[in-house]
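One structure is given below, represented as structure tokens, and several questions about it will come after.
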Amino acid sequence: MEIFQIDILPISSAVLLIATFGVIVRRGFMDWLSAYRYQAIALSGITAIIAFVTGAWELYIAAALTILIKAIIIPIVLLRVTGGLSFVSRYELNPYISVRLSTIISALLVALSYFLTQQIPFKSDQILRAYLPVSISLLLIGLFVMVNRRVALNQVVGLLILENGLFLFATTLTRGVSIIIEIGIFIDILVGVIISASLMSRISHTFDNLNVDNLEQLKDE
Amino acid sequence: MIASILAIILSISVISNGEPLRASLLGNIPTLFDLPIYVDGVSAFFIFILGLISFAVSLYSIGYSKHYAVKNGTSVLGFLFNFFILSILLVVTSNSVFSFLLFWETMALTSFLLVIYEHEHESNLKSGMTYIVMTHFGTAFILASFLILYIQTGSFSFDVFRQAASSTPMLIKDIVFILAFIGFGTKAGIVPFHIWLPQAHPSAPSNASALMSAVMIKTAIYGLVRFIFDYGGLGPSMDFAWWGLLLLSVGAVSSVVGVLYAVVEKDIKRALAFSSIENIGIILIGLGLSVIFAAFNLPSLSILALVASMYHTLNHAVFKSLLFMCAGSIDYTIHTKNMESMGGLIRKMPWTALLFLIGALSISGLPPLNGFISEWLTMQALLSTPYIMNTNLQILIAFTSLAFALTAGVGAATFVKIFGVSFLSKSRSELALNAVEVPRTMLAGKGVIAFTAVILGILPFIGINLITSAFNLKSFSPNNYFGYISLSNTSGGNFASLNPLIVLLLLVSVAACFYVFVRIVGKATSERAFTTWDCGFGGLNARMEYSATSLSQPLRKVFKFFYKPRNKITREVYAESNPYLRRKVKIDSTTRNLFEELLYEPVISACIFLFDKIRMIQTGKVNAYLLYIMITLVLLLIFVRLTP
Amino acid sequence: MSREMIEFFAASGFSILLTLLISTPIIALLLTTFSRQKKIMETVTIFSTLLIMIQGFVLVAEVISEKSISAFNNIFYVDAFSAVIIIPISIVGFVSALYSVNYIGRQYDNGFLDKRQLVRYYQEFNLFIFTMLLVPLSNNLGLMWIAIEATTLVSVLLIMLYVKESAIEAAWKYLIVATVGLSFAFFGTTFFYYAGLNVANSDASDGMNWTTMVSNASLFDPNIVKIAFIFILVGYGTKAGLAPMHTWLPDAHSEAPTPVSALLSGVLLNCAIYAIIRFHIVSSVSVGPLFSNQLLIILGVVSIGIAAISIYFQRDMKRMLAYSSVEHMGVIAFAVGTGSILGISGAVLHILNHAIVKPLMFFASGTVSQKYETKAMKQIKGVIKTMPVTGALFLMGGLAIIGMPPFNIFMSEFMIISSGFKSGQYLASSLVIFFLIVMFAGFMSHLVKMVFGNPRKEMKKGDLGRLAIVPMIILIILALILGFYIPEPLQILAKDVFNIINKGGLSS
Amino acid sequence: MNVDIITVILGFAQSLILIALSPLITGIMRKVKARTQKRIGASVFQPYYDIVKLMRKDDVVSDQASWLFRFAPWVNFAAIATSALLIPVFIIYSPFELVGDLLLIIGLFGLARFFTILGGLDTASAFGGLGSSREMMLSALIEPALFLTIFTLSLNFGATNITTLINSASNLHVLITPSVLFALISMFVIVIAEAGRLPFDNPATHLELTMVHEAMILEYSGKRLALIEWSQSIKNLILLTLMINIFAPWGIAKSVSIETVGIGFAVFLVKASVTAMLIAFIETRVAKWRLFRIPDLITIAIASSMIGIVFFYI
């Protein structure tokens, strides 16, 4: 049991990270979507693991919800939106920072998150030690993706990564005590995605692509 | 207007029974800051000035506001005007930091609204902006100084400040004084914070500018007096000497700069505004001297200087309001403030001319009018420098007196010019030709003030005793109003003395005697009118006479280094072949305003440049926005991580 | 206040009040949804907001007497500080509902909006009110987070009301930036909760409750608390428009329909600040006030500075107002950071004052821009001539917002700056004064140019409808009164808030 | 000194004498000047004849002129005559010694000048304006100089009250301290300037290039012109008297008796005429300066009195 834990925790976190890097290195939207799916699945897996370790039954629900919402509903919604979109708006052609450099930067971010979490007393809590840095790095990487990408869709993807980090963090720390909150968060995310989806469709109707560069009219000139 | 009369009565009553009067404006309404009222002699003195001036000016406004009635109702003007008076009144009576600042800002606001009352002209808006921003800037300094006192004493009440004055450490006092000086100085229009004054005063309706120049900028003097004598806890100690020095030198600079700009000014109200700067300078000189004397423990001289300064405050209030009202009357009838298009008004509006003449005489400090008295007192104060046991100070004061003398001389020239150009000789424009005398109420308003000026001139002890009792100083003079002002020197001999009443009598009697004498010697002779001698060319016209610009041309040339005049000469010649045969030569001579060019413009442009760079963060790129968040977060996190 | 007391209150009928308060907007929402008639929707909305206002005041009265109320086993907890937020919500909600009738109605008549959008507007309006009400009421910080997130989503929908490029852009930026920020906020919240978990004596069930957190805060691990507070500050700071996270704010506030802008500026920002301060209390109980005070002061000064500087360059009326909101949020943060009684009561008053004056300004500018058919300040001249009443109100509001007496903000800013000096923050306070002057100059010059001067010839005189004027009149009267006189209850509130913030949270 | 009725009478009389004598001094100056220029020149009493003649003549007044034009000469004369009443001439006493001091005299001169300038401006003549503007400039500079001189004197003699001042001056044994010397220099310059003599102004010409004062009063005629001329020479004599009584107070009567007063009067006459001659000589030596070099001269006066002050303190 102990051994199992010791191995499974780092491995699962590694899987999660790999899935995340998948988003960074690839260019096409579909690839991200798949990467995001993997990430979601990994996430639910981790949730299940935590549930198993801590024996908190609510977390199984959380895991199920994760699968349901993140791996199924959200991708579908996004596909709906981007269905009628042109090639340009579905592929990130020229991000601000090149793929290689962005990979390095996200690696740095991971390192940073490990560095930052050093001062938190884990009280020899394996789960925390394994997942807290990962969740923070997910947070930072998600933000970085949003900063870096020019296409609205990809920013949403970044946002989703960020939310995943959030979710992982929450489950890791709170062990899913207040399930109401969890559900509320899920709903929030869902609504957020839906709204952003409708916004994106509106953007694409108005500007006939999803390029964020269109959205620079409002500024202090 | 009735309020103003009440104000006079109140102040007189307070002065007469030196007992300070206390009240709370909001009674027992629970506010975090109540608005206490505190009227002692000093406030009462300023209330008296306010009451006197506002009474006359309100009288004047009755007629004057018809000027605006045609455009839009006078109700707004009236409301602002009265609110303005009220706020000034409350400023000089309020007894806590909060209420003081509250009414101070209200005063600024109402005066600002008065300045931009004619908001059809862009220029007025601009000058209004300059004014309100400058005065706000000043208020910030005042606030700072108050707050330092507050930290020191832990209370907002002026009473506590008074009690704590002695215990406050000198360093704090110095800082507070500097801040307060800059703050109030901005309101008073000392150089180099004066630039709003010549813009704001001309823009306002004349009754308002009369009040602003006569009373509002005096509230700054009030504040200074309070700070120096009450909260500064001025005492016989060398530490205070440099306060006086500062006041003195700034006063000297202000007076010279003000008068030098005044003398070359073409716009009558601008000229008056500049001369306000000059007079504030003179007041500050007196104040500074009084502080210095006090610091060197020479109470009687200190009293002399203080009296001189306060007397000049009173006088300036009187004649400056008079002059502004006259300028307003001119504007009222011929709708211009430019002296180049006036002239010959003395025939069209004799009474206004007479009143303006009185004002001009007294502001030029000529006997036997009130201006002379206060300048005489100030000069005497300057002449008493040998008592100060510090050579450097003595020499510096000597230089100050040079500045003062220069001011007096050029000041007289200024008003000779203003009166001469605007009232005398031929009318320079159609407007001036069909000028008419202004309605009675306006004349009445001016008349009251002019009368006061004469009275204060020939019976100086009315004023002096008012001041001495208001500031409860021990009077250095007999109490009968016809006595001599006399100062004795070290050897007990008579240092100097003056009795303006007798001077007046002498003048009149001498004139009378010699009139008789002349009539006896040269029999009765007739008088016939003929055209002015025109060197036989025939037909002198208005374009041949001296204009405002040409009158001041020699002075402009003498003080070239200061004015940096630019003469733009445009010639039209009949034939290119002969450039000396000209159809028309046009000379446009403009003087530069050094302060705006060398001080303000660079600073402002630098600030704007900097700000322009800073605001560029609003790029409009959502990515950039996210980046800011990321950077902030990471930096803060690292900060926390590194500081356990 | 002990747990038994809280139980007692929960058991007795006070929670009914809360239930009513919360359910009112929901009912209104349903009514609007079913009756799609313009008139009915308007009346319903006005009525509901009026009801909310009354209930809000009753609740505040309760709070003043009872110090704190909690209900639904501590998911809801109302104390003086919540009351401070509830008052603006109820007032601004009511007046903007009033104003909507004229403004939105006019848009509808002019065909800028169609029927569907009109219905949507009123639905979302009520929903928005509901979500905002939830924030100060909820004791459970997770719930509070959800409420704030919900406000974001609803307000995004409201901004999307117009199908304009600019509106879409603003909505997008708002959505993205605010969501990111809020996820950080959630991070922080969870972190705090975790800190609570580490404390032995607390059972996990109500660990999310603010009351529990504060009572245990002294035992928290300082490192965790610090990191957590950073996240909170950045997160909710984004929502509160503290620089440099304020960048979305000018766009969103300027593109929203005017009544909504009023709500966003007047109330929503306060809600976010409220959240920050709640956590500020916890962290100052745990690691001492110095840490969070410093951060608040720094962010506050930066916000004031950037806002003041940007105001000078603005061309769009509503953007300028938005920046001034940023500036005022900065002032509030600064005030809380100074932490003395003067500062806190100043902050309380400032929250209230800003919530009174800013909507006034938005309404006025909305009316003006409807009259002149532009928001560009260059083309607006001589408002005082074309619309005497609105012009006068506009001028007064402007003077109030830049802190001129005899209006209310002057008083609160005076208190705040003096407390800044009092608490020894000389540099920061001097900077604040300086930036306030800059802001004054910029704002004033714009205001004067708009209000005075000569309007274009073809402009015809006349204000726009009584319903456009009435709300402004109400507000300006409030502003004037509060400029001189602070009613007894308010002073009590201020004192209580001070106790809450300084004396270890729970007022008692 | 003990004040009795005779003293008062004398004190009053000396002022009248001063007023009466002033044209004579002007005449002396002219005579000396003529002589030095190898001319016979008019008699020393010519100024009296002129004044009387002018008084008998009709006035021609410009149709532009207002009441101020008619009023100005009287104010001018009254002011100057009044200031004549204030100064001790040959006995150290003036009945009005407490009425005013040197500063008052400056003030009265200012008053006189004020009205003269206005009178010059009133008639809309180009000459008047020219004269007035130049006079404005000069007066604006001369007044500070005069004030500073008085400053120096009051430092040295501890008063601005003339009687006290002269008294203490006459009591001093060694009079020429550096400070006083500098005061003297500036005083002398001022006297010349105020008298409107060369190099400042040339009272003899009527060319717009050279004249200042004469241009201003160009429009006056008859009685008023007489008054102006007279007041001008009174003013000169006043300044002369001040100068000699302060800087060379030898022989001035300190007590009232026939011989002292006689001596005093005689000495006064001698000193006055000598100084007048001196000025006249100087005038023949120099040419009229360009208008804008004159400020330099006045600046010299100011500077020297400043130096005087500094010397006093050091």
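The first chain written gets the first letter, and so on, giving A, B, C and D; residue counts start at 1 in each chain.
Here is the rule we go by: a contact is a pair of C-beta atoms (placed from the backbone, for glycine too) under 8 Å apart; a residue touches a chain by one contact, two chains touch by 3 or more.
As the structure is a computational prediction, the values presented were derived from the model and not from experiment.
Judged by contacting C-beta pairs, the busier of the interfaces B-D and A-C is B-D. Separating the CA-averaged centres of subunit B and subunit D is a span of 34 Å.
Once the centre of each chain is set as its mean CA position, subunit A and subunit C turn out to be 31 Å apart. Rounded to a whole number, the gap between the C-alpha centres of subunit B and subunit C is 46 angstrom. Averaging Cα coordinates per chain places subunit A and subunit D 101 Å apart. Along subunit A, residues 116, 119, 143, 146, 155, 212, 215-218, 220 each make contact with two or more other chains. In subunit B, the residues that touch at least two other chains are 615, 618, 622, 626, 629, 637, 641, 644. Among the residues of subunit C, those in touch with two or more other chains are 172-173, 176, 180, 184, 223, 227, 250, 310, 313.
Chain pairs that touch one another: A-B, A-C, B-C, B-D. Only residues 172-173, 176-177, 180-181, 184, 223, 226-227, 230-231, 233-234, 238, 244-245, 247-248, 250, 295, 305-306, 309-310, 312-313, 345, 382, 384, 399, 404-406, 410-411, 414-415, 417-418, 421-422, 429-430, 433-434, 436-438, 440-441, 444-445, 448-449, 452-454, 484-488, 491 of subunit C touch subunit B when the two sit together in their complex.
Residues 615-616, 618-623, 626-627, 629-630, 634, 637-638, 641, 644 of subunit B are the ones touching subunit A in the complex.
Those residues of subunit B whose C-beta lies close enough to touch subunit C in the complex are 26, 29-33, 35, 98, 101-103, 105-106, 109, 116, 119-120, 122, 125, 128-129, 132-133, 136-137, 140, 143-144, 147-148, 150-151, 156, 607-608, 611-612, 614-615, 617-618, 622, 624-626, 628-629, 632-633, 636-637, 640-641, 644. If you check the complex, the residues on subunit A that touch subunit B are 96, 112, 115-116, 118-119, 140, 143-144, 146-150, 155, 212-213, 215-220. Listed in rising order, the residues of subunit D touching subunit B in the complex are 52, 54-68, 74-75, 77-79, 81-82, 85, 96-101, 103-104, 107-108, 110-111, 113-114, 117-118, 121-130, 132-134, 136-137, 139-145, 147-148, 151, 154-155, 158-161, 163-164, 167-168, 218-219, 222-223, 226-227, 291-292, 295, 302, 306, 309-310, 313-314.
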